[in-house]
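Got some structures for you, see below.
Below, subunit A partners subunit B and then partners subunit C, in two separate complexes.
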Partner chain A sequence: MDGIVQLQRQLVDYTASLFHEGFLDDQFNQLQQLQDESNPDFVVEVVTLFFEDAERLLNELSKALGQPSIDFKKVDAHVHQLKGSSSSIGAQRVHRVCFAFRNSCEEQNVEGCLKNLQQVKHEYSLVKSKLETLFGMEQQILAAGGSISRCGWLDATSIFLRRQTLLQLKGTLILVNFFQIGEMSPGQHVICRQDPKAS
Partner chain B sequence: MAMTVEAQFHVLAVDDSLIDRMLIERLLKISSFHVTTVDSATKALKFLGLVEDELRTFDTHVASEIHQDIDVNLIITDYCMPGMTGYDLLRKIKESKSLKNIPVVIMSSENLPSRINRCLEEGAEEFLLKPVQQADVNKLKPHLLK
Partner chain C sequence: MESRWSEGGSSTSSIIIEKSMIKYMSDEKETKISALVVDDDAIIRKIHKTMLERLFNMEAETVKDGKEAVDLHLSGANFDIIFMDKEMPIMDGHEATKHLRAMGVKSMIVGITTRGDDKDKEEFLAAGSNHCFEKPLDRAKVQQVLQEHENFSI
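This part shows the complex of A and B:
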């Protein structure tokens, strides 16, 4: 049991760091909220789709920007899609670079576009690797017989606590079962009740 | 546990992005809506029973001959879509005798007042900024056609 708690704690810390460093934003919390027993793989499914979509778009962008005569409308359309999907999963840094990228397209600035493409590729590969690490940690916990804690807390501006999660209460980590209780702020006092209420 | 049998509201969600379709579907299902998703405005119109001929003539007499058991209580559509946009779809729905009373909600990633006003003026009930969240979906129930 100790080993699982340790893994869970690492997951919580790692997740918090991703928010803290701006890789993920609140939308990722929203995604996690949509996952439950009836849809246990929702987050992984959506994020996997994002990876596929992003890779396709990055390829298209490389091709489009490699043309002798660049079709900026086409480039902008691809960036618009990438901007949308990154925003939908909470990949904040990727989303941010897309703003600059669209500006470069508007200005028909080739150098700007090429630079932005490199930036977005870089941010994408970073967030991909981070999320893969995150999912790997979750798999470890599940394999060890534990459950996944869902909370982007302390460093996130919006905090959603859900189902079974690890709660830091007066310095001690305890595993609790409860229902979604809405938004909380960092450092907010929480009262835990032992109440075996059925879902 | 008591079993309650409730008529479910049926929402038609239109978005060319697969990721966004997945998200909106999940959000709507969590709120107990029955959901149909399509990836284009054209497919949405087909689903609603307005087929190709009607798109050109808006001949509602012909439209009424096509018997559709589809009962849609709300349409939620993305604004920016290739081909027919969400705005075009909104207009077609509002111009159709058989469909104009179905509430339409527009989603967009861009917060442009001119766009928002255009949509509201054309009869959209709400304009939601993407990414759409649970709180946004909670706003929809009051708009539903009974």
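This part shows the complex of A and C:
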């Protein structure tokens, strides 16, 4: 039992670090909130689509930028797509490099484009391995018989309402993802536990 | 009785999934609102369909471009709301919107663009869409559409 709790804590900390380090943004949180018991693999499925899309586009970009005469319009179209799909899953750092990349395209700056390609490849491989680690941790918890929950999108009122509900769940570990609270940074996770001595 | 909360903990067994807010957000009406998501990006199609179904209790279908949307209507399909991407291969969003309006389609059409400038928006509205939003489509934007939809007669 304690093993599961420890894994759950690690998951919370790891997820929080991905937000704090800017790998993920609120959009990823939104995806997580769309996942529940009836579609337990939603996030993995969407992220897998992103991996496929990104790898195809990065290949296309390497090819297009390897040509003696570069078709900047084509390069820009690929970057535009990558920008769109990275923002769809909340891969914030990939998304940011895409902005700079599009500027280099517009200026027809070959050196800039090549540099941006390296950067975006780097950011992509980082976020890919981070997400794989995250999914691995979730799998481990599920395999050990634990469960995973997220409840983002909380405002002051809903926290109040929720507390009423949570108070009924004696001794249960609750993972709360406080998202839209002014004084907390996005993605910050808090583990609350009802103190058994209190009841 | 007042309970105290503390950070951390030891003798716990599971984490609970709480979806009450989402339930609160969803439309509990008996007849579901039907929606069509038109986007060439498979990731967007999946996310938007899931969002409309989960958070707003809609019945959502998806197609890959404007022509497929037009064809679907030609074959007799009808939707309450159409979420239309701007840039798509074969037939893009504002063009498809024009076609649909010319065919007499009275659904609410929501244009979705990736560009912040007003050019896309103007094009969409001129083509006959009711709204135009910048990507990503999110809860607040859909809610805004739904509020109007309540007074919207088809």
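Please note the rule applied: the second predicted complex is superposed on the first by the 150 of 199 C-alpha atoms of A that agree within 3 Å, B and C clash if a C-alpha of one lies under 4 Å from a C-alpha of the other, contacts with A are read in each partner's own complex, and residues count from 1 in each chain.
Just so we're on the same page, a contact is a pair of C-beta atoms (placed from the backbone, for glycine too) under 8 Å apart; a residue touches a chain by one contact, two chains touch by 3 or more.
Bear in mind the structure is a predicted one, so any value in this text is a computation, not a measurement.
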Which of subunit B and subunit C A:L58 touches, first, second, both or neither:
neither
Tell me which of subunit B and subunit C touches more residues of subunit A.
C
Quick check on the superposed pair: does A:V44 touch subunit B, subunit C, both, or neither? Answer first, second, both or neither.
neither
Please indicate which partner A:V5 is in contact with in the superposed arrangement: first for subunit B, second for subunit C, both, or neither.
second
Check the residue A:L34 against both partner chains and state whether it touches subunit B (first), subunit C (second), both, or neither.
both
So, A:G146: does it touch subunit B (first), subunit C (second), both, or neither?
second
Pick out the shared contact residues on subunit A: the ones touching subunit B in one complex and subunit C in the other.
27, 30-31, 33-34, 39, 42, 45-46, 49-50, 53, 80-81, 83-85, 87-89
Which residues of subunit C touch subunit A in the complex?
1-22, 41-44, 46-47, 50-51, 54-55, 114, 135-136, 138-139
Residues on subunit B engaged by subunit A in the complex (per definition of touch)
17-20, 22-23, 26-27, 30, 80, 109, 130-131, 133-134
Help me check something: in the complex, which residues belonging to subunit A touch subunit B?
27, 30-31, 33-34, 39, 42, 45-46, 49-50, 53, 80-81, 83-85, 87-90
With touch defined as at the start, can you tell me which subunit A residues reach subunit C in the complex?
1-2, 4-5, 8, 27, 30-31, 33-34, 36-37, 39, 42, 45-46, 49-50, 53, 80-81, 83-85, 87-89, 146-149, 151, 153-154, 158, 161-162, 165, 167, 169, 171-175, 190-199
